[in-house]
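What follows is a set of structures for review.
Each of the next two complexes has subunit A plus one more chain, namely subunit B in the first and subunit C in the second.
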Partner chain A sequence: MAKPKIGIYGLTGCAGDQLNILNCEDELLKIFDIFEIKSFVMASSAADEESSLDVAFVEGSVSTEKDLEHLKEIRKKAKILVAIGHCAVYGGVQAMFMGQEWEKMYRRVYGKKNAVTLTKPLPPKPLAAYVKVDAVLPGCPIEKEPFLKLAGLLAKGVIPRHPDFPVCAECKWKENECLLLKGEICLGPLTNSGCGAICPSLNIPCIGCWGPIEKENWEAEAFLLKEKGFSTGDIVKRFSIFGGQERAEKLKKFLESKEG
Partner chain B sequence: MERKVFIEPVARVEGHGGIEVFVEGNKVKEVKIDIFEGPRLMEELVRGKLPEEAVSITSRICAICFLSHRLSDIRAHERALWVEPSEKTKLLRKLAHYGEMIESHSLHYYLLALPDYLGYPDAISMMKAFPKEVKGALELKKYGNRVMEIVAGRRVHGENMRIGGFGALPSDEDLDWIATMAHSLIPEIERGLALWAKIEIPDYMEEKTTFASVWPEDGSYGFAADTIKISDGTELPADEYKTLTNEYVAPHSFAKRCRYKGKPYTVGALARMLLMSERLDGEAKKWFKKYYNERWWKNPHYNNIAQAIELLFCLEKIPALVEAIKKADYYEAGPSRQSGSGTGLVEAPRGLLIHHYEIEEGRVKDSDFVIPTTQNLDDMEKYIRIAAQNLIDQGAEELELPLEMIMRAYDPCISCSVHLVRVRR
Partner chain C sequence: MRLFKIKRENLIPFLRGLEGFGELWGPVKKGESFVYARAKPEDFDMTALRTIIPAKKFFLPSKFTSLKFKDNRWEDDYRPRKRVIFGLHPCEIHALNIYHKFYTRLYPDPYYLRAKAATLVVGLSCIPDEHCFCYATGTSTVNEGFDLFLTDLGDRFLVWVGSPRGEDSLKLVEKFLQEASQEDIHKYVSWRKKRDASFRLKIDLDGMPEIVSFSYDSPIWEKMGKACLSCGTCTMVCPTCTCFDLEDEYDLRRDEMKRERFWYSCVFREYSMVAGGHNFREARSERLKLWYTHKLVGFMSEYGSPACTGCGRCVVSCPVGINVVSVVKALKNEETAALWVKMEVENA
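On to the complex of A and B.
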């Protein structure tokens, strides 16, 4: 069987997901052996952008016209497109604000709308806002174990689904004391698993960096936090960091309607 | 005849950038480093947030130097809110910082930069000719990552380092492992250092520049301080960093630019080594003396060997540091006030990093982040311009690789440098 041809790409983000691929020090040579790597600009200057790909891994959010063009080119040549990392799957922390709010912020930072003429900036969005995404691996950043599992399955022609249970489950398996019940804003019950509940295991509340799970019960968590004495503003702010503006606004309306 | 050299994307750097060189006849008219990485508006994202939320958000500016961002952010908050961390906290932060230097420098020196000088497209292709060096590099990188994992919680975006202390302290077993391994890896880096002697360093861009780095008050060679040292002899307190940085916006870049007294300057391992070489000791000092010459002041290629010497420096310092950590007392420190301003200075692997905050009633009112690559961009453009002109005068066919190598020598971190732009009106 011919080696699957893959490309690893980055749009706007911190490059942490590509870095965590390079951080598979023990497995790196094997990855280069199992796959034929056509493009991995962060690691090599020998790129072949003409070839079609079996799998493209893309990290980063679409934040400029150039990002968007690049993504469309990748989509065209890849059989399977995998969004890796929070930015590609959910838009990243930069997707905390959208619409008019984002435009105001942009002007505050860059002075005027056209101060930078290189390419047109766009409000940051995940890949799926523009193209079909075949598989996702969330995480800020992605972790080594889930990535290797994903890559292994893809090499065998399987398109895996990210498991839809929360960090809270991983945390229970570790028998950690519950931080939410101790009165901290822990987003473990609402956040995608995969990290192994690293932060709560270090006595640090989950900030939600693997993004919201599909069937999240945010009403229940929001109520619990209200009961613990947190203000609507503080709860909404915390939810928005890795959960995006839309979800935060829904939460805000919900909490305000209950208060009213 | 008009000619345009366009290198995009620049490979083996973190983030998305390009180099444009415009040539008319035999004259280089313009050089531009384009930064395509999109804007992320970090200063806006932290507005109104709690200090600990800001720390988690700003560490996402960059993956490769997340830990430096986190340290710089924590320092700024601790200065703004008058938090005095315990001795153990300070020493553990230093250890984590060494871990990041080891991880980042081994990635850059061996896997991103050396392939250029030895004629390969990447480190994997170097495996046949240099198996020991490449495997050694991966060992060093893995070790640096493990140190960060143990102390900071994760290899990338670890959350364990907090304002005032740690979520959880590392065990003595893990600390002992860190000390033992540091000692055993010294031969690996010495092998890598020896490789430099085989390399002929290009000289077609040489010109003197200004350097800046932190200037630790305790007289040590270090990566965090409250003072900036500039190679013209100036010393600046942290809060006066703008005297050095003077940021401005360029239309071809989402990253801002910096000039000191109207001129470009350089930060990074080379700056640190030139400004603090008197403070080196041990084997690191010997290797510095072996390789140092006057060309270091005018040639950015020496940043690579400065990084390799720092790798050795960190490994040599770790065992004694671990002993001190085990003896030191720990407490969790809280804020003494809820409003104030503060500046956190650290050295990221690629140079001086500054986070500044104004906090009001326990919330972020305003912030400013000045990034190493932002500070280096103007000098990068300057050196690329000089190199392009000299290479054309010498009738060189290929401009792309030599120019890209200059940019790569700076170990640029393009993700970091973007979105960190602010217009003062």
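On to the complex of A and C.
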């Protein structure tokens, strides 16, 4: 069997996901052995952009027109497109501001309307807003073990399944005390597992970097936090980091209605 | 049944002696809670009531590799280490008996059986706190399911022997054992009276299977569903929850496939999803109803007892107060302070 051809790319983001692939130091030779790497600019400038790909890994959000063009090119040549990292899967921290709010933020940072001339800025969005995404690996940044698991399955021709159960499960497997019960704003119940509950295991509440589970019950968690005495501002702030503007706005409205 | 006693000052050397069977595990403090951990017997906390995760973890761990596949051959190398687990209270041992029925009756689980053969269960008596309700589930005393059981009578421990393996293990600690006397039994009976009078949580499970069955269409489930976070904590901490999922992984380091087995939960949305994407229990309320019906009705008709042993773990673990006590009270139209009640008041 020929080695699967892969490419690893970055759009707008901190490049932390690509970096964490490079951080798989003990496994890198194995990865290079299993896959034929056609493009990984962060690791080597010798990229072959003409070749078709079996799998493309893409990190970062689509935040400029150049990002969008690049993404469309990658999609065209890749059989399987995998979004890696929170930015690519959910839009990232930058997706906190969208719509009119985004325009305002943009002016504040870049000043005049045409200050950025190389490319046209767009409100940050995940890959799936523009192209078909075949598999995802969330996390900010992605972690070594989940990445190796994903890469392993892809090498065997299996499209990995996205888990749909919350961090709390893994947190209980680790026999941690519940941080929500201890009075912290922990987003474990709303957040996808896969990270191994790293933060709560270190007594740090979950801030949701693996993105929300399907049909999350954010109303109940927001109500609970309100009951525990947290302010609307504090709750909205925590939910907004990785939850995007839309969810934050709904949440704010919900909490303000409770204030009467 | 043989009955011995040991002096309190001999408890630690007694437990050390049992280490001849295998690794010694028992309850130790973690934050404000307890966990079963491998530790020196002097570090065991004799006041521990319920650990965060029950003793089921010794029989089927939260996550383990159930088989490996390489070069067209598969192997299963799950070999639990020999262990002595100390400090299991009657509710915990009753739960293990339920676990045992479930995993041996219809389709004996080879992984469970291996762990069972490698584990020496040493029970310990307890005094209930405000969340214990084993008197209501009929599980406050235990006659089977342990190898040894210690009752703490202050200056001495009575030692019950519950199995041939328990009997054998006593050879390791013979020098600490004395035959129990009539006076010891009298002392035990008065301890029992005192213990039985010290339950503070008042709850009555009489008629529960019928009450749950007749509440099948009650609006209460919908209300609870609005508050449930579907976090799965109740099922992870429940000593009788058995559900698991399997997932295949390719380990590129060793060039082998492995089948991972891990605890799963019926309150997760994906649990009831089938091929094609249809979900039999899309609503949180349906999933909650399933759990309570299984615990208080279904298990009863299948195995003759409810699948709740009154350990109180759901009571102290659910962030929104949905637990056996609050649900039973709600189904009997009694008042509770659970979050779903407050949410309902707010939304009215």
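The definition used in the following text is that the second predicted complex is superposed on the first by the 258 of 260 C-alpha atoms of A that agree within 3 Å, B and C clash if a C-alpha of one lies under 4 Å from a C-alpha of the other, contacts with A are read in each partner's own complex, and residues count from 1 in each chain.
Throughout what follows, a contact is a pair of C-beta atoms (placed from the backbone, for glycine too) under 8 Å apart; a residue touches a chain by one contact, two chains touch by 3 or more.
Everything numeric here is computed off the predicted structure, so don't read it as measured data.
The superposition on subunit A brings subunit B alongside subunit C with room for both.
With the two structures brought together on chain A, the opening angle seen from the C-alpha centre of subunit A toward subunit B and subunit C is 110°, to the nearest 10.
Of the two partner chains placed around the shared chain by superposition, subunit C is the only one that A:E177 touches, whereas subunit B remains out of contact.
Set against each other, subunit B and subunit C differ in how many residues of subunit A they touch, and the higher count belongs to B. Of the two partner chains placed by superposition, only subunit B is touched by A:E25; subunit C is not. Look at A:E214: by the touch rule set out above, it reaches subunit C but stays clear of subunit B. Once the two complexes are laid over each other on the shared chain, residue contacts for A:A169 go to subunit C alone; subunit B is not touched. Shared-chain residue A:C199: touches subunit B; no touch with subunit C.
In the superposition on chain A, A:Y110 contacts subunit B only, with no contact to subunit C. Contacts of A:T12 after superposition: subunit B is touched, whereas subunit C is not reached.
After superposing both complexes on chain A, the closest C-alpha pair between subunit B and subunit C lies 12 Å apart.
Residue overlap on subunit A between the subunit B contacts of one complex and the subunit C contacts of the other is empty. Residues of subunit A that touch subunit B in their complex: 10-17, 19-20, 22-23, 25-26, 28-29, 32, 41-47, 61, 63-64, 66-67, 92-94, 96-97, 102, 105-106, 108-111, 115-119, 121-122, 124, 140-141, 198-199, 201-204, 207, 209, 234, 237-238, 241.
Across the complex, subunit C is touched by residues 27, 30-31, 34, 148-149, 151-153, 155-156, 158, 161, 164-166, 168-169, 172-173, 175-178, 180-181, 188-190, 213-215, 217, 219-221, 223-224, 227, 258 of subunit A.
Remark: subunit C residues 30-33, 35, 51-53, 62-63, 226-233, 236-237, 247-253, 257, 262-265, 268-270, 284, 317, 319-320, 339, 342-343, 346 touch subunit A in the complex.
Considering their complex, residues 9, 11-16, 34-45, 48-50, 53, 56-57, 60-64, 66, 107, 111-112, 115, 121-125, 127, 138-139, 141-142, 145, 153-160, 162, 166-168, 249, 251-254, 404, 415, 418-419, 421-423, 425 of subunit B touch subunit A.
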